[in-house]
Amino acid sequence: MARKLRMGMIGGGKGAFIGPVHHRAATLDHEADLVAGAFSSDPAKSLASGKALGLDAKRVYGSYREMARAEAERPANERLDFVSIVVPNVAHFDAAKTFLEAGFNVICDKPLTTTLAEAKELRQIARRSKKVFVLTHNYTGYPMVKQARWMVRKGVLGKLNKVVVEYPQGWMTGFITNPNQGIGLWRMDPKVAGGSCCMGDLGTHCENLVRYITGLEIESLCADLGSFVPGNRLEDDGNVLVRYKGGVKGILYASQISAGEENPLKVRIYGLKGGLEWRQEDPSYLWFKDPAGLVVRYSRGNSNLCPDAMKYDRLPWGHPEGFIEAFANLYREAFRAIRAEVAGRKVPAADFPTLDDGVAGMAFLETVLASHASKTKWTKLKR
Amino acid sequence: MARKLRMGMIGGGKGAFIGPVHHRAATLDHEADLVAGAFSSDPAKSLASGKALGLDAKRVYGSYREMARAEAERPANERLDFVSIVVPNVAHFDAAKTFLEAGFNVICDKPLTTTLAEAKELRQIARRSKKVFVLTHNYTGYPMVKQARWMVRKGVLGKLNKVVVEYPQGWMTGFITNPNQGIGLWRMDPKVAGGSCCMGDLGTHCENLVRYITGLEIESLCADLGSFVPGNRLEDDGNVLVRYKGGVKGILYASQISAGEENPLKVRIYGLKGGLEWRQEDPSYLWFKDPAGLVVRYSRGNSNLCPDAMKYDRLPWGHPEGFIEAFANLYREAFRAIRAEVAGRKVPAADFPTLDDGVAGMAFLETVLASHASKTKWTKLKR
Amino acid sequence: MARKLRMGMIGGGKGAFIGPVHHRAATLDHEADLVAGAFSSDPAKSLASGKALGLDAKRVYGSYREMARAEAERPANERLDFVSIVVPNVAHFDAAKTFLEAGFNVICDKPLTTTLAEAKELRQIARRSKKVFVLTHNYTGYPMVKQARWMVRKGVLGKLNKVVVEYPQGWMTGFITNPNQGIGLWRMDPKVAGGSCCMGDLGTHCENLVRYITGLEIESLCADLGSFVPGNRLEDDGNVLVRYKGGVKGILYASQISAGEENPLKVRIYGLKGGLEWRQEDPSYLWFKDPAGLVVRYSRGNSNLCPDAMKYDRLPWGHPEGFIEAFANLYREAFRAIRAEVAGRKVPAADFPTLDDGVAGMAFLETVLASHASKTKWTKLKR
Amino acid sequence: MARKLRMGMIGGGKGAFIGPVHHRAATLDHEADLVAGAFSSDPAKSLASGKALGLDAKRVYGSYREMARAEAERPANERLDFVSIVVPNVAHFDAAKTFLEAGFNVICDKPLTTTLAEAKELRQIARRSKKVFVLTHNYTGYPMVKQARWMVRKGVLGKLNKVVVEYPQGWMTGFITNPNQGIGLWRMDPKVAGGSCCMGDLGTHCENLVRYITGLEIESLCADLGSFVPGNRLEDDGNVLVRYKGGVKGILYASQISAGEENPLKVRIYGLKGGLEWRQEDPSYLWFKDPAGLVVRYSRGNSNLCPDAMKYDRLPWGHPEGFIEAFANLYREAFRAIRAEVAGRKVPAADFPTLDDGVAGMAFLETVLASHASKTKWTKLKR
């Protein structure tokens, strides 16, 4: 085996949700080890987190700037191969910029930034840096999403007509009657989350999932956002009519106040020759619906899938893989690119979301916010 | 048993879909017999249909006006107790008017008319006539829809926040590539269907289902309609953002070009204390989702349901009842009212859709059409 | 339309479950009318039931023998075309014999009789009578069961290897702690139900369903019966290992004490080329499982089904048909045969369970009872 | 964090299925590192496997005996904390014995051994060694299985009446027509697999799952085994009637020739107060069925679960965890025990399958084989 890659983490201290996901996903295939981190802007908290992770205290930092500086000076055989950025949205831009400019490959949580302008600037910075940049729209890592993409791209559905993508969650419902419990959450704070709560967190996943599978480009959209949690200055529900190029119609919606819903991101794609359905809570299956009424279930681990859906299998069929495995598939692809970059080889095309996806996501998000504020029905996609 | 009611039918000749449904629904509980009809405007076809149904040829007519006239002169012991109108949309108004004014109780297919003005006028006519008028928004006949209504009205969900109702069908997809096969259909012909194809046929069911369950009133909406079948002058796909009174947000969509979808009308209702989900293709179950993650399935035939959900049971739990039974539940309620009317008793309140529902449906439909034509985002509900 | 057939009913008085099912099933397609009956052995109760059904009191009887005698003397234009026998098991034999010998076609509930000897004798009586005899193993009336039969018989599964059929119900669980509530039920009374409760009621459906779909013949079996309801002298749970001819292995089980189960009769059939699964609670779908992992759902109402699965459709796809429609499919086939018999034409082969099925069911049931009582593992099928 | 544990692996070389599962499961929570192994009895193959895993070549061995000897001599700060044994069945006994006697904690694949006598002997050896021994009946690691156990043990179901457990797979179906492809498999070779193929591999999981959840003890059973793959000297299908102590009835079956089935291990448990159902292919949900017909779905990640079901969560609800996570839950518990053992502390009670479970599994398996060979219906559980 090639040597294990050295990973650094920005954010993701004790109690965080997504930090440990990145850590497990990065190490699931034993291709990387976490060796450094700035887990919190509070140095004591960062140190405690690093200790709990078994890290050398010297490589645990109270700020990512300090970390970038110090780690950049490490000798080659200790040098980080990449950092994973899992801080709240508003810090993505600067953290990513800092590490790219310090010469590190970057894996970054979504949404990319808080504005389209920042997203474009970051894309420029990354291009100049020639470093690898991966945006963790993790749902594209599911093999059956790759199968869907392959089927659509191969023309199995024929010309597309309609796309419905939905991502209702219910976890903020309780804050409606008990706003005190929720209002401290960074997701509801414009200073930390940026201009959006629900659509930035969930809506961008919807947009990305549709684009990943279909390649469709949004032409214009019409959005209605709602804030149900008292005191929430951002939206916790969003419903969008979409017109894609080529005459395809769409509905996209996300919610945090759909009581009782867990995490059922779902996409349905309809073309001339059939429909496809995929649902994140039951991710091993992809459903194809024949116009004449046959429904065919494809399942992960089978030999009748496309190569992209088969290459990530860690387990045989019927042995459920889940969220972490899908996340790890992004890391596996990222590592292919990072190993090339580290070795000075040409970075291969790889199957992970990029800064182009991040820019598209921010364009979508800014258009949604503008549409919501507008009295005109259709708002053209911002560029 | 009280005597069987005498039923007449307008439309529903050979080859029709909904005529036999009405016939089976009306007779499922052995409360009525079909004894007269104008099954087609072609007298020969009407006669052939009547013969196939075993009717006395004297009571089979080539026009409903002729039928209304002739049947009105029958003696009391032969007189029709009601007629069921199952002609295409554009003829609903005149047929209903004719029979109401001739003194007959009327059961009529949806959508009520082709304009809001007609709908209101028909309501006036019916009021003057003092006859019973039932609009067959048949999906409200499912016991689990009644259970949903009961739960919402009882406050089980708490204050409502969001409603998503969808009705995607795929059967017109084939006409996109073979428009010749489809374009003769009356549903696509404005002269027969009125101003709408998909939203009149399916969208009004969505609107009615939400109103039946929740009682919510639409404040304004934003619609995007599409015509995918070449040559279709009406829409075959429609997507609507809805704002209900009281701050409730909604999505309502219907489609005839969602390839591979059969008839999955589905409604999800979210409140402060939980969510509800019901799906027409699996109609015996109602799903309640607790905000803390428990999901509870209620099923038809159980003793833990509300009285309205229990009173229609014809079979024990686990013995599937379907579309015809739900339809027959409307007829059962209609018969309660009709028997009273026929006997000269006060017509009781009964659980079936009325002309108020029909007017509301046409208001919704006209607003959808107006919104689609408008560049302004929100269009107030027409009245 | 040919004239409506005249139906008589034996049993099925007020409060009965299966009587109204037969009535609705027989009349769903408007091919028959109920005109006479002996609804109870209590004349007053029978009369009340007949009245509630709107029957002429002269044709309502207090005993089926009296009815057979009186109805046999009616003129041809009043004469019953068939009787439906829905009394408890122990009376099937004599009631069927009485009407066959009086010259009536017979539709009879299952299980056919209470002993194999009786079943064989009844078969002889029916043969001599040349009358039509239909045994209502109603689950074979579901279109998707017919599709399964067609696929198996066409070799879609290849040579069969294994069959698992199960029919767990839970409704008697409550009687375990409250035996007083249940012990009066005729199903638990050997004098009324015969030698079996659960296996006669449910197990014979399992046996029949497998034989209908596959044509497999049982070679030997090994049964374990249980009585969980205190005081129940018959079994309320039964588990059977089956060896079919040709080396096919099977499991067959039925239960009335599987708490929380409603009516999920389910069959799974495995061959060299795939597996099939059908479930009564979701009867519109048949699932085919490819050995390489594709799962294909066939659904009622589609144009890709076999002729036998398509010919009974009353509604388009996605409009659920249920238990009554499946039951009515048996009647529809029965009517084809009965009309021929009444007209003196050759009775056509028709798709309904016959006395051969009844004899097979009783052979199965007696073998199950013998096996349970035996210390030897395998008991050969009785003949 | 405490230091990472040092793991050794016996078997699991390149191309193996279960070796990488153990490796990922052991390291998912970053509590252990793989540092030594005897991956194959072919030294070159073992070395290649070790290299591919990034191991120090000095700690890669061509035989487990050599490994046990060499590793036992390592200093404390290098010494293995445990070994994971993932060789075929027949080698479990000697490998486990070797490492226990050399002073190592052992994690071992199931079935424990190939005979009951060996299993008992191994239990004695382990007791003498005072080392931790974990048997990887991994399905007990799923949180919802723990929830089921808790509910049954708490009496939520009341007194149990019936248990149905099934584990049909279809992957060997292809070998029936192409036996050459399959017959080389070690699972079909008595010299490697022991006396059983299907029941040893899958049937013991069934037995263990029922015992884990319910604590029921088998009294006697009646088994019918089948070999469908030509040339397979062991069984590839097995069907068992079970009588548990206390009057509980059961069905247990497993299969490798149920075409089209992936890995749907499923258990249904029925008591006086309700039924429970859990299915491995949809492992995040547990279904409780109320006798009155309510069905309640519990889902992983919720706050309404029992402590044992909650303590393993790595992700919030709706973010699927799968097979590896469940496997890792066994390791997490194992590590609690191993850390105590290594530290010389009292080994705590922990929630993983033990040698008692292994002995019970082998008793079950031997009884199944004896029953199959017997003409008597019931065979008492061997002890």
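The first chain written gets the first letter, and so on, giving A, B, C and D; residue counts start at 1 in each chain.
As a working rule, contacts are C-beta pairs under 8 Å (C-beta built on N, C-alpha and C of every residue); 3 or more make two chains touch, one makes a residue touch a chain.
Predicted model only: the values in this text are computed from it and were never measured.
Chains making contact with chain B as well as with chain D: A, C. Using CA-based centroids throughout, the chain positioned farthest away from chain D is B.
Two chain pairs, A-D and A-C, are weighed by contacting C-beta pairs, with A-D ahead. Averaging C-alpha coordinates per chain places the centre of chain A 43 Å away from that of chain B. Between the CA-based centres of chain A and chain D the separation comes to 35 Å, rounded to the whole angstrom. With each centre defined as the average position of its C-alpha atoms, the distance from chain A to chain C rounds to 56 Å. For chain A, residues touching at least two other chains, in rising order: 261-262, 290, 293, 295, 299, 301, 317. Contacts from chain C toward chain B in the complex involve residues 1, 3-4, 17, 20-21, 23-24, 27-30, 34, 51-54, 169, 261-264, 280-284, 299, 301, 314-325.
By the touch criterion given at the top, residues 290, 292-299, 301-304, 317 of chain A touch chain C in their complex. Interface residues of chain A facing chain B in the complex, by the touch rule stated above, are 157, 161-162, 164, 166, 168, 170, 173-174, 176-177, 222, 224, 226, 228, 237, 239, 241, 243, 247, 249, 251, 253, 255, 257-262, 268, 270-275, 288-291, 293, 295, 374-378.
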